[in-house]
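Just passing along the structure, written as structure tokens.
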Amino acid sequence: MNPSSIVAAKPNGSAVNGAELELSGLRRQFGGVAALDRVDLRIKPESLTVVVGPSGCGKSTLLRVLAGLDRPTEGRVMSDGVDVTLSPLGARDLAMVFQDYALFPHMTVAGNISFGLRLERRHDRRNGPSREFIDREVSRVAQLLNLESLLRRRPAQLSGGQRQRVALARAIVRQPRVLLLDEPMSALDVGLRATARTEILRIHRELRSTLVLVTHDQHEALTMATDLVVMDAGRVLQAGPPEDVYRRPANEFVARFVGSPAMNLRPTDAGSVGWRPTDGRLYPRGGEGDLVLTGVVERCEYTGSGQEVVCRDAHGTFTVVQQQGEEWVRPGDDVSVGVRQSALHRFDLFGDRIDG
Amino acid sequence: MHPTDRLRPAVAHALWHLVLAGASLAMAFPMLWSLLTSFKGPQDVFSPSPLPWPATLDNYAAVLSSWPVGMLVGNTFIMSAGVAAGQLVIAVLAGFALVVLAPRMRPAVLSACTIALAVPPQAIIIPQFLLTTRLGWQNSELGLIVPQLGTSALAVLLLVEHVAAVPAAQIEAAALQGARPIETLWHVVLPAIRPAILAVGILVFITTWNEYLWPLLIAPRSHDATVQIGLAQFQGEGGTDYGALMAASVLTSLPIVVVYIIASRRIIDSFIKAGLRP
Amino acid sequence: MKPLKLVGTLGALSLVLTAVSCSSTPSALSPANPVTITFSSYTYGVQGAAGTGTQKLLDAFAAAHPEVKVVPQSIPTADVLTKAKTDTAAGNPPDVVQIGYSKLAEAFQTLPVQSLEQIAGNEWKDHVSGINQALVNTGKKDGRVAALPFTVSIPTLFYNADLFRKAGLDPNRPPTSIDEVRTDAAAITASGHKGAYFGVVDSGKSDYLTQSVIDSAGGSTVGTDGSVTVDSPEAVRGLSSVQSLTRDGLQPAVGLDDATASFSSGDLGMFVVSTAVAGSLQKAAAGKFDLRSAAFPSFGAGKAAPTFSGAGLIVLSQDQAKQKAAWEFVKFLTSAEGYSIVTKNIGYLPLRADLADDPKYLKDYFASNRLLLPPLGQLAEVSPYRNFSGQNPNQAVVILQDDAVAPIVLRGADPQKTLSAVAGRIRELSGK
Amino acid sequence: MTQKAGWRPYLAPLILALAVWVYGPAVFTAVLSVMKWNLTTPPSGLVGLDNYASLFRHPEFARAAGQTILSALALLPFATIIPLVLAVMLWQRPGRASVVYRALLFVPVVVAPVAVATAWKFLLNPLQGLMNRILEVFGIPPVNWLGDPGTALLVLVAITAAKVVAFNLVLYTATLSGIDRALVSAAELEGATRWEISRFIVGPHVARTTVVLALLSVVLAGQWTFTSVSVLTQGGPDGVTDSVYYRIYALGFQFFDTGAASAAGVLVLLAFAVLATAWSVVRRSRRASH
């Protein structure tokens, strides 16, 4: 067997592939507050679905309901067409990586990784995994995640990145059909995040399980997702491929939340109009395009590949990104900005997108 | 004592030692004097001289030869260990249930525990005694141990906070890995609260070791009695042999004191962690 | 279930248990198939002479009677009745109990005390013929003897002959009356020691010495008709004269335990206390001072009339085989041999009159140990121990000791007033 | 993890233990208190409130109750201010010396009450005891500490006080450990004296603890004196060391007046119930006023 492959035959020989999840009419009430409010969502099999939203938007609750850690007040969770809303924990063939990893501090790395398999063996001596199988699986996953030299350590002796890899290893060693990740990168240094992202993507690719990742970082969401879900105030605002969400935000909130720097919005009589800072073009004087604004450069932020220019006009500030090679403006310059019609997003008085 | 401690820190420091050493001496004095007296011969027992000179081991020899020290200590050990183990099992199970399985029950159950703590033992001892004797548990380990499990309330109050301090995610992670509740308790919660369990266990052990009223009622016969009863019965009709009594006192208290000194940090820590900063 | 019913049910349950144990077939006693009986004793297992003496008795019995196995249980003096009662309440009464005479009446009322006469059958007459008849008759329940005297003593005046000499007194002429005790105590006090101590206040809260004092003064705690007479003029006079010793600084105002320690260390001149402690005092005095004894002093005109104290043996077993075994044990303890061991080792009096002169038993002992001779001489004229009547005689004794005797003797309470008040309480309690 | 069923077997042992050995007996005590029973012969029927009436007809119970309250009040400073001062002193200078002192100061909690009681009995022996020997040096006449109604209760309170101080010292230590030492360093940099630190940082921190400990000592003090009373004075002399707890024991197991003992037990429970209610009312009203 190719040791670098994540996919190994399960003891019963079935090949792993991700489950399809479907949430319908989900409500989760805490006291008088609804953390989830009539959520309907289909999570495609073998997708990497990223749920994104500001803190308190209900994304973590969504994940916990999926995992079975929380029971919905109303609504159903279906897995491959089977209602699992009330099925017990541990019977759902899913695994989860917690935000702070939740490693068992008194167990070694090997102990942490093998915990689930050992329980399986304990519960079913006859058909459960053999001791040899457990050892093999642990070393395979350890090799995959570069943990071989750490197997005997305890979590307290590991760095943040190492802990995250242990948590991942613990989650995937049983080859779950669904893998849930709760803000897996939030505890890592910036430098480690890229590596971690790569690792998660590789795991997703090879494991072929359905992966649901929750984050508040829209950049992470855009770069990793095959499917993106934007949430706010307990509701799903938009779900779809990241390009769709980015290009055609369903409402003002999504428009602002996804993409960096955030979309500029200007009120109009019928609602508002917005454009992405990358879609504007700066002119020292005068300008062209369907929308032209004038203002004064307030500050410039060099980003390496260009610079973000924050301008002020009578209605407030807006941002424009200048690419390398353009003639760079300076604070205090009077400028005008032109945006093409096709790059404009229009929203009605309720903030919903007006397609045109 | 305000400016002095900055002007003359040495004086303040000396004063500090003086007060604390004085308090320590005052608190430990009776036991200290017992220890010294236990080495005095019959002529010197009442001597005001602190030094047991000429020192003798006769008192210890007398106690060991005519007083069933081994049996008493053994009985007391079985009782104390039994009660400590029983209370820990009850408290850990309950703590787990109240934090993890049925958190809604927590306020009600903890109130019930607090009230139970306030019930004076003497006020309910007659029914306890009747029940124990009707069960045929008089003069038996069961009779000494089981009824004292009613005082598990303190252990519950102490341990439930520690269980609550175990990160919820660890417990959930275990459940997601397919652990049954009892396995989560055993593999995740227990190792996490082991120091607290040890501390509470030692506390219960010491309290039970020193229990007087219940063993007096249930097992006052010398062969079933505990050290406390044995000590209280030391005073025979022909007057008290204080040297021997002090030796017996030392022999039966010393193990506990040693256990305490070894574990005192832990015990105090457990109070601290239990939030028993009332 | 109604609580009342519950109690009834529990009671019924214990009856059933008892019935089960009754129905076991009595088998002949044989060494191969020994019967085990429990012996609840307050002299067993204690430090000092009483403990070792009791152990010797048990060893002797075990050697002579392999067919009976005795499991002794050490109970503090004050708890003998408590223990027997709670054991009985638990459906598991001890088979043989060494019970203090002050608690006998209550034991008869509340415990399943068996008639020894009945158990002994035709062995009875022969066995008890040599035992002090007054004491045997004290143990009667419903007209039949249910308690045989075992460890019995009468209060005696122990004195430190060295202190007598030091005070210029003649150690060969110990006091015989309370007035002489006073005079001698004054002399000893003047020489820098403690004068005398009447052990009327002990932590066991028994009243045998109180009775001795009152009876010697011509009174009684209980009248012949059962009436409470602790406030009679004689009683008041008796306790007043003990009180005056304290008041005048001739008697330390301390409890019996502290006085014992003081006498043992050689600082107390005279010590009036049960002979039960003779063994311990002898041990303490050995090599330290010249310990002697004299008869209990008289109070006023009449003769001294000390009350005996100590314990009898009662049998609680209901199983026939156990009863038989228990009788063997009781028989041995009250035999010439048993009494001799008790006397020699502990200091209780031999209750068979002929033992002291019998070369087989105690003649040699009394030849060299004169300590017990004065009380032995008084044994013939002891006044019987008297129990208060009513449901709870034990509580009456505690009230008498705690609320009257201790305040009067140790703390100078007014004897007449105090005794009247207490008599009222006891009358209420005993329904007289 | 909210597993719907499944918690019952975990909570059952506790519930069972409390029900069988605490709450059940409490109810049973109430039942016995309206009956006459001597433990061995069959109980009489209901006697109404006779047992309660007899408790109040004789002076013993009221006296015992008064003395119980008196000792609880006398113990208040030993439950609060003294252990607090010691705890603050230990807290001010952490280090090896503090650890040693703390261990020594906890000894009274650890050592068996019977051993402590006999040790005191020995030290306070009126004729030869060390205490009177020391007084003798100063020309003070000997005192019969445990035999004199004027001093006996005082001695028992003192013996209990050592235990209360030791126990509450630990609890105060726990409380003080909750103070952020950075706060203290900051105050020191500001030039606060040790007294000012105690007054403005420590004081507010321990206020609540002090109230609770005062209450706790009222509840537990009587129980803690029990062993000493039982071993040393049996309620005497002249009943001055009697407490309701010892009275219950004496009534029940020396006089076998189960009814009266139970009635006394019920009265103690009632007193605690009243105390608890008052406490919660005070707490609620204070919370409301905030």
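Read from first to last, the chains carry the letters A, B, C and D; within each, the first residue is number 1.
Definition applied: a contact is a pair of C-beta atoms (placed from the backbone, for glycine too) under 8 Å apart; a residue touches a chain by one contact, two chains touch by 3 or more.
The model shown is predicted, which means the values in this text are computed figures rather than measured ones.
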Based on the averaged CA atom positions, which chain is farthest from chain B?
A
What pair of chains is linked by the most C-beta contacts?
B-D
By CA centroids, point me to the most central chain in this structure.
B
Between chain A and chain B, what is the gap in Å from one C-alpha centre to the other?
53
Roughly how far is chain C from chain D, going centre to centre by Cα mean, in whole Å?
38
Interchain centroid distance [CA atoms averaged], chain B/chain D, Å:
16
Approximate Å spacing (C-alpha centroids) for the pair chain A, chain C:
90
Give me the residue numbers in chain D that touch at least two other chains, ranges are fine.
1-3, 28, 125, 128, 253
Show the residues in chain B shared as contacts by 2 or more other chains, in ascending order.
46, 130, 172, 175, 217, 232, 234, 242
Junction residues of chain C, two or more chains touched
86, 89, 203, 261, 265
Complex interface listing, chain D residues touching chain C
27-28, 31, 35, 37-43, 45-46, 58, 125-128, 144, 147-149, 234-239, 253-257
So in the complex, the part of chain B that touches chain D is made up of which residues?
1-3, 5-6, 13, 16-17, 19-21, 23-24, 26-28, 30-31, 33-34, 37, 46, 48, 89-91, 93-94, 96-98, 100-103, 105, 109, 112-113, 115-116, 118-128, 130-131, 146-147, 149-153, 156, 171-172, 175, 181, 184, 206, 209-210, 212-213, 217, 227-228, 231-232, 234, 242, 245-246, 249, 252-253, 256-257, 260-261, 264-265, 267-268, 271-272, 276-278
State the interface residues of chain A toward chain B in the complex, per the touch definition above.
67-69, 89-91, 94-96, 98-100, 102-107, 115-116, 119-120, 122-123, 170, 174
Listed in rising order, the residues of chain C that touch chain B in the complex are 10, 13-14, 40, 42-52, 73-77, 79, 83, 86-87, 89-92, 203-204, 257, 260-261, 264-265, 274, 276-277, 279-281, 284
What does chain D use to touch chain B in their complex?
1-3, 6-7, 9-11, 13-15, 17-18, 20-26, 28-29, 32, 86, 89-90, 92-93, 97, 99, 101-116, 118-120, 122-123, 125, 128-130, 133-134, 162, 165-166, 170-171, 173-175, 177-178, 193-196, 208-209, 212-213, 216, 219, 222-223, 226-227, 230-231, 244-246, 248-249, 252-253, 258, 261-262, 264-266, 268-269, 272, 276
